[in-house]
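You will see two complexes here that share subunit A, one where it goes with subunit B and one where it goes with subunit C.
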Partner chain A sequence: GLCVTRCPRQVVDHYENPRNVGSLDRNAKNVGTGLVGAPACGDVMKLQVEVDENGKIVDARFKTFGCGSAIASSSLATEWVKGKTVDEALKIKNTDIAKELCLPPVKLHCSMLAEDAIKAALADYKLKQDPGREESAKA
Partner chain B sequence: AGVPQDPRVLDSMLPYLTAYYGNPHSRTHAYGWESEAAMEKARRQVADLIGADSREIIFTSGATESNNMAIKGVARFYKSRKKHIITTQTEHKCVLDSCRSLEGEGFQVTYLPVKRNGLIDLKELEAALQPDTSLVSVMTVNNEIGVKQPVHDIGEICRAHKVFFHTDAAQAIGKIPMDVNNMKIDLMSISGHKIYGPKGVGAIYVRRRPRVRLEPLQSGGGQERGLRSGTVPTPLAVGLGAACEVAQQEMEYDHKRISQLAERLVTKIMSEVPDVVMNGDREHRYPGCINLSFAYVEGESLLMALKDVALSSGSACTSASLEPSYVLRAIGTDEDLAHSSIRFGIGRFTTEEEVDYTVQKCIQHVKRLREMSPLWEMVQDGIDLKSIKWTQH
Partner chain C sequence: RSQKEQCYSEQHSSLINKAYQTLLNPLSRGLYLLELNGVEPAQETDCDADSVFLTEIMEINEKLAEPKNEDILEEIETLIKVKQEELTKEVTAAFERDDLQEAKKLLAKMKYFANIEDKLKNKKIPS
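Entry: the complex of A and B
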């Protein structure tokens, strides 16, 4: 494939040296928490974002129950959301994650779940800013 | 997981890969006679391991072929009067798939469930027998969880009802004593590479008294009593025979050593790490095949840490359907625990150092992965995971 020199190590690298493992205070108003997946499917991701008063994501953390590709996808997701605004982060696509990590077809669902996790975290954050508004976060 | 070839087996094969290349079925010259003699010696070695007559041993390409032969061959031979087969839900894929293909031919198959410990219920087996049952197929030792079925009792029941009993003994022979007469076994599948022999060869035992007939899968020159045409690969057959003979010599010593190593592995892991479940009956098992579930840690992610050890996972992140092992499902393992399972294989060449290394890495990475696990975090916070409404993609 195209990413032969870089890619084989990508997933392993994120696995051995994951970025941003941990938790933020889910009760803080400027923290959004997304929990997606199901233990019965072998994939659960928790992704959290901390957003400043300008709407920029200043910190992100993740925890994942899943295979190496799932761990790498969520680890990469936390790297990518940092420094973006909420609206910019909503544009992150699973296909970009899969491409960056050179995920094989059988692992594409891991990148999809990571995209879901980002969206769920941001939806949670938005809901906290304006609780009156109906959010169809889980559409 | 692969299994190394015993060096004694390789030694026995070398002459037949180099100088002695005659076709064992060529009756008319000395090269053929040498090969034939070697092949017949190998046949006797296989037979001796299981208490059979050498005329009852047919060489095949492996246990998959032997299973196909046993199931399809017997079913088709007796199909005019008998259309029913019984097997279990935890058999190897080649047995299950053979049965499925027979269903497509109009046969009826009963897939017996297993109890939580992985063993079949003998009363259920007896109740499932019908007047038109031609075959019962139950594996001796399960390749995923290591449980050992009560083949002696199954043989009794089948003999009493005059139904043929086939057992896939790929994981059992050479490791635990097997005797086709004591156990009233009528057909048995044997794998070469599972007993430190070469890959690409196996055997099927087919009882002569009372005679078991089967329709051959492979047509041709009529070798192996017409049951399996094709030139027998002399070097591979010699290797299988040698592997059987070596296994017979080493069985007691291996079993004792492997039991100790298995005990060491399980005790060390379970004493250091909480929330670990052993899958399958603790007592009725072969010690060298251990299946453990590490709650809140996904199996494949743990395997990545143990990649220099030969292990496999019951998780199915690589399978298109995301469904975990059917064997674990059959014993009633919760799906999330099924995704958290790892199979450890301990064999003749496993050293204590390798076990300790595996244990150490396993403990280290389970702890690390639990720190990374949202499930572990929730459980530590006192949340009941079963109360959560999980999303699905």
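Entry: the complex of A and C
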């Protein structure tokens, strides 16, 4: 169950009222899309970031189909990446997410999934910026 | 009957039920076979390599999340049934040629579909 005595109200909110649910345009050059799954429990998570010309994440969205902890983890992840640079966002650790949400040990993999989703989204964004890739598309 | 005997009977009965349910369902049966062979079910996050598959799972989940539509639900139910039957055949073949890693991968896919099956069941229950 949820450790409501330890968790401040705003944290419980990520479970009950997740933020940033939705999608960004995956075809936009400055949008990175990460799609990950947890095979042990069958949860799927899509996390997207919009990055500005200065390498700063200005918007993020997620769609998660899975348990409440997975939804809360991805909701928190989208909140945390906003305002960070790509490199700063890569430093977000699953342990930070788990601690913030007071995740019980059995749900720690949910925070790991969120960390992997962030990394996948940022990797996708970086790949899209690769000038080499653009060149071969022009040829 | 003594208390001890009754306790044993209950435990055995419970174990037999558990065994029966485990073996009856292809997913749990497959995972149990992996366990018997000392192979852990997939734990690592699925990402790039499986993006086509995950996209499909996402799309089905998104359809399922839409307001209840009998036709769409039936369509999804049929799709899942076909997919699970296909996967069950593939898992069987993998075990038969002792390809435990392939069986592990396929069982992971079955898990995603099994979750969708559960959601379908919940949708059918009148709220």
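Operating definition for what follows: the second predicted complex is superposed on the first by the 116 of 139 C-alpha atoms of A that agree within 3 Å, B and C clash if a C-alpha of one lies under 4 Å from a C-alpha of the other, contacts with A are read in each partner's own complex, and residues count from 1 in each chain.
In this text, a contact is a pair of C-beta atoms (placed from the backbone, for glycine too) under 8 Å apart; a residue touches a chain by one contact, two chains touch by 3 or more.
No experiment lies behind these values; they were computed from the predicted model shown.
Participant: Judging by the criteria at the top, classify the pair subunit B and subunit C on subunit A as clash or fit.
Facilitator: Overlaying the two structures gives a clash between subunit B and subunit C.
Participant: Between subunit B (first) and subunit C (second), which does A:12 come into contact with in this model arrangement: first, second, both, or neither?
Facilitator: first
Participant: For A:112, select first, second, both or neither according to whether it touches subunit B, subunit C, the two together, or no partner.
Facilitator: A:112 contacts both subunit B and subunit C.
Participant: Looking at subunit A, does subunit C or subunit B touch more of its residues?
Facilitator: B
Participant: Pick one for A:70: touches subunit B only (first), subunit C only (second), both, or neither.
Facilitator: Only subunit B is touched by A:70; subunit C is not.
Participant: After superposition on the shared chain, which partner residues are touched by A:35: those of subunit B (first), subunit C (second), both, or neither?
Facilitator: It touches subunit B and subunit C both.
Participant: Once the shared chain is lined up, is A:55 touching subunit B (first), subunit C (second), both, or neither of them?
Facilitator: Neither: A:55 stays clear of subunit B and subunit C.
Participant: Taking the superposition on A as described, I'd like to know which of subunit B and subunit C A:46 touches: first, second, both or neither.
Facilitator: both
Participant: Looking only at the overlay on chain A, choose which of 149-157, 329-337 or 347-355 in subunit B hits subunit C.
Facilitator: Between subunit B and subunit C, the clashing stretch is 329-337.
Participant: Taking the stated contact definition, name every residue in subunit A that is touched by subunit B in one complex and by subunit C in the other, in rising order.
Facilitator: 35-44, 46, 63, 65-66, 109, 112-113, 116, 120.
Participant: Any idea which subunit B residues touch subunit A in the complex?
Facilitator: Listed in rising order, the residues of subunit B that touch subunit A are 296-301, 304, 315-320, 322, 324, 334-336, 339, 371-377, 385, 388, 390-393.
Participant: Which residues of subunit A touch subunit C in their complex?
Facilitator: 34-44, 46, 63, 65-66, 109, 112-113, 116, 120
Participant: Can you list the residues on subunit C that touch subunit A in the complex?
Facilitator: 41-48, 50-51, 54-55, 57-58, 61-62, 65, 108, 111-112, 114-115
Participant: Hey, which residues of subunit A end up touching subunit B in the complex?
Facilitator: Against subunit B, subunit A makes touches at 12, 15, 18, 21, 23, 35-46, 63-71, 106-107, 109-110, 112-113, 116, 120, 138.
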